[in-house]
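Next come two complexes built around subunit A: one with subunit B, the other with subunit C.
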Partner chain A sequence: MKSYRKYMTSKIAWYVLTFVVAVFLNFLLPRLIPGNPVSTIVSKITSGMADTNSIKRVYETFEKEFGLNKPIWEQFMIYVSNLIHGNMGTSFGQYPRKVTDILASSIVWTIGLQLPAIIVSWILGNVLGVLAAYIKKGFDRVLFPVFLFISCIPSFGFAIVMVWLFAVALKIAPASGGYAFDMIPSPTLSFFLSVLQHYQLPFWSIVLVGIGGQSLGMREMSIYELNADYVKYCRLLGLKDSKIVKYVFKNAVLPQITGLALSLGTMVGGALITEIVFSYPGLGSVLFNAIAAQDFPLISGCTLLITTGVLVANFLVDIVYGLIDPRIKVAQQE
Partner chain B sequence: MKGNFKTIFKSGKFDVGLAIFALLLLCIVIFPLLNREDPLKMNYTMFQPPGPNLPLGSDNFGRNELVELIAGGKTSLIIGILAGAIATCIGLIIGLSGGYLGGLVDNVLSSVTNIFIVIPSFIILVLISVSISSRSFLTTALVIGFTSWPWTARAVRAQTISLRNRDHVNLAKVSGYSIPKIIVMEILPYIASYVGMAFILQVASGILSEATISMLGLGPQNTVTLGLMLNWATMYEAHMSGAWWAFVPPVLMIALITFSLNLMNTGLDQVFNPQIRS
Partner chain C sequence: MAEMLLQVENLKSVYKTRFNERIVAVDDVSFNLENGKCLGIAGESGSGKSTLAMSIMGYYHPPLFYESGAIYISGIDIAKLPYNQLREKILGKEIAYIPQAAMNALNPTQKIINLVADVMKEHVKGITINEIKKIAEERFETLNLPKDVLQRYPIELSGGMKQRTVIAISTILNPKILVADEPTSALDVTSQKIVIKLLKDLLKRGFIKAMIFITHELPLLYNIADEIIVMYAGEVVESGKAEEIIFDPIHPYSHGLMNSIIVPEKGIKGKKLAVIPGAPPNLKLKLEGCRFFERCQFAKDECKNGRIDIKCANERNYRCVFGVEELKEMYEDDKKPATT
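Moving on, here comes the complex of A and B:
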């Protein structure tokens, strides 16, 4: 247990360091643009305002958040202390909304779309992968290239084609948005039905592309395991095929579980472009609009949120693996 | 060495992948010689459907879609190859020097690698692209290359460490070879197959990264790439007007290029790792 604690501490230290680097990159990169974009944009926001008092207020908000005209390390301190207080600043593009509010309202849509889609494609993909490895005959010639081709189509390309096919040509599903544009989000049945209707196309376009990649990975793992010595030994012992497949599945699925955990970590930023194609009200559309408006606080909020999701998932996988994987356990004791 | 090449070409997957890739390359090279139309010139009206003069119709700006597709494929491929080459080189240098030298150098290099493996490279790509206000396709290629090296570095380092104490390396050491010479002559040949495969995959992912970043509106300017074509098609809602010719060809082109590269990679993998041959 002592060695595990040591392993944990070193992992925590690593992830903290990585997080600091990520925060620093988030802070630094938009500020490297020549000609101080912050003051340019503040003047752009205020250009429509006639009231000197409100112009002054805008200036004061951003001066406080960015520490304009202060040395860069002081600006970084201001940025970090704001972050610690859960304050990601005020949006340029949607002034005076807070970045955290915008992110909070869009992340619900992203997770609602991605979480079920990742799990469904993971389950379907793995079952198909094991079957493909076990059956073998004809797979390599026909199914493998088809799966590979599907997994090579970029998910957003798939999304555009699906919108055109099902929403425009066949007219069986709505084309864009998270709900009908004439509705206001409310807990009514008709709103719920509208959401469900708009859910279908983005959901299936993520699932279909996911299945291709998942099943290829599982197939490769299964073939590797099927050729392993222990399988040959079991065959020599005369064990039933069904029992062997069970062993193989157990061994092949462990890396796949890691894969699931990691893709749950990329959930937040995994379908950004698909969301843009469907104008789904998630994080992807927020990031897209933020980039178009050069809304640096919002861009940096999005990227920090996505990075944090990935870091947390990786950290959890490392911690759990330290507990269950005998090889890492041995390494701890050395 | 000759035997090696024979085994490579025996792999059906590699052959098919190479054939598709060569065919695409041939189209990209020969077509502009036959048809000298400027891909960025707006000669037609918006979303003209395919006809005898316009095999793939026109896009939202009234440009010839076929000419644009070939030019875009060319730029995308150049971006992919350049980004792949940069990423592979950086990964190779960091992995080889860290793995072979060990000690403090290795500690520093592998810490940096581990940090950049966990931070999604896509995010760094977005942040850097946001900070560069005028981007040519070369900048895009550079940025993609500089953000996608960490996995190669980690794998090369692991393989170098396993090779470092082999007899032939020790022999070279006592013979007084210089460190760069040992690395190039005694270690590099053993990981060359892996590096080649990593490069092929990096090219494919470079093309996809270009498309993704262009869809976000951070693509290169004053040029045409497959990602930009898709970006324009989405922005001008080609799918809503039923203009399938504006987005199906670039999607298929991206899929075909990455498919042929992946197929080559799988073929090579089966040659070099006999265990997964089926």
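Moving on, here comes the complex of A and C:
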């Protein structure tokens, strides 16, 4: 147990180090984009103004407000000290909204869309994969090429096909948005129904593409496990095939768990394009607009959220792995 | 006469490849297994020993297919039994198996007790987990295995311990027949002895009624088997009492096998080792005459053609065109130095 604690301590130290480096890069990289965000904002506000002096004053006020007149290392110190206090700064593009407010309102949409979609596609994909490996014959002969085909389609391409088919041609689902345009978010039944209606296309476009990749991986792993010696031994002990398939599922699903955790971690950035195609009010759209407006604090905020997600997911995988696979736990204790 | 537990009659099993080739891995094999006896099956790699083990358990999974013959266990011909009935009534209950590679035979992510529980629940209706634990702990203690093995994962056990655990699991339901497929091949000599002792113990205590012990090591069989059948290229080439086969083999192949055993002695490094030259024939081809023909140093033209049947002469069963006396003479001549 002592060695296990040692393993965990060193693991946590590595995660902290990675996080520190990530914070630095999250701050630095957006600021390396050529162009000046302040002049974009100022030119918008001062359109129609003729007095160069007052334009210059507006420019200076904004530069001071955003702290862009200070040297970059000083900006970084301010950024870090604000971050420690839970303040991610003010958005340039959506001034004067706070970055934390923008992230908080959009992440609900992203998680609401992505979490169920990833989990559903993971479960469906893995169950179909193990069945294809076990049943073989007709089932596998049909499903395998279908999986292969679906997994090769990029998610945005698939999303566009879905929009065209269900929203434009068949007109059975709305094409864009998180809810109807004429509505204001409120806890009413009609709003909820509208959300549910707008939910279907983005949800299924993520699920279907996800199933393809998951089931292919699971099928390969299951075929390998089904040929393992313990399967033959269990059969000769007179165990039911349904029981043996359960063993096989548990063993074959282990590498898939890493995949699940990673896709959960990257879910914020992963659905960026799907969210844009459907104009879904999630983090993906926010990040996309922030990059377009050179909104440094908002870009840093989004990427920091994604980084944290990936790190936490990886850390959880390490723990969960040790719990379900005794072989990993032994390796961790060495 | 003792009770017959297993009767195998003219059994033939084939492997079918993807390209529709047929490999007859078990060809016309017949034998009986009596109550209280241990039957040894010997032969080199690829002789069909393990396939025979699978076949007598009725375990026909592609690419292995049943072709003809019968396997009687408790009066039922299990070769013709549907898999579901075989699984429910026979496997694990009447006939049990110890695999060749016990190292990988246990599910790596399952505690030993859970496998035992699954096996017992499958065959004993309405048994509770507490009863299972009690039975398993008692059995492990009787067989001199530490009780705490039950709460462990396979990775936490040594090779020898894994093999003994597998033996205990396979026999937990007191099956009549135990088929042990090279249970000692991967073990060091000390663990081998422990496993052999354990298997003998199972027979003595009546946890199993009879055993089939498969190995490529003939001397080992002398230690445990009452009777031996020697297989070559899917056929039985000789069968009889263990002592006779070990000390007085009749068939040229059994004779060659016994001669190739390496006994540690002084100056062995300088000695030329006796081997049987060549390799077994390709079983995909339709074979005529004696299958050992190409490798047999005593072969003559008459060995080449027709089908050579098992014959019973001087109370010995063997598959060769020559008579017992004739063969013995040949072996004597062979022993003499070449100069005389």
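The rule is simple: the second predicted complex is superposed on the first by the 270 of 334 C-alpha atoms of A that agree within 3 Å, B and C clash if a C-alpha of one lies under 4 Å from a C-alpha of the other, contacts with A are read in each partner's own complex, and residues count from 1 in each chain.
Methods note: contacts are C-beta pairs under 8 Å (C-beta built on N, C-alpha and C of every residue); 3 or more make two chains touch, one makes a residue touch a chain.
What you are looking at is a predicted structure, and each value in this text was computed from that prediction instead of being measured.
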Greater subunit A contact set [subunit C / subunit B]: B
Subunit B versus subunit C as contact partner of A:24, first or second or both or neither: neither
Which of subunit B and subunit C A:324 touches, first, second, both or neither: second
Which of subunit B and subunit C A:234 touches, first, second, both or neither: second
Contacts of A:247 with subunit B and subunit C, given as first, second, both or neither: second
Touching residues on subunit A, where the partner in the complex is subunit C: 228-230, 232-240, 243, 247, 250-251, 254, 324-327, 330
In the complex, subunit A residues that touch subunit B: 14-15, 17-18, 21-22, 25-26, 29-30, 32-34, 136, 140, 145, 148-149, 152-154, 156-158, 160-161, 163-164, 167-169, 175, 220, 223-224, 227, 266, 269, 272-273, 276-277, 287-288, 291-292, 294, 296, 299-300, 303, 306-307, 310-311, 314
In the complex, subunit C residues that touch subunit A: 57, 59, 61, 87-88, 90-93, 96-97, 99, 101, 104-110, 115, 118-119, 122-123, 153, 155-156, 166, 169-170
Subunit A-facing residues of subunit B, complex: 16, 111, 114-115, 118-120, 122-124, 126-128, 130-131, 133, 204, 208, 211-212, 215-218, 230, 233-234, 239-240, 242, 244, 247-248, 250-251, 254-255, 258-259, 262-263, 266, 275-276, 278
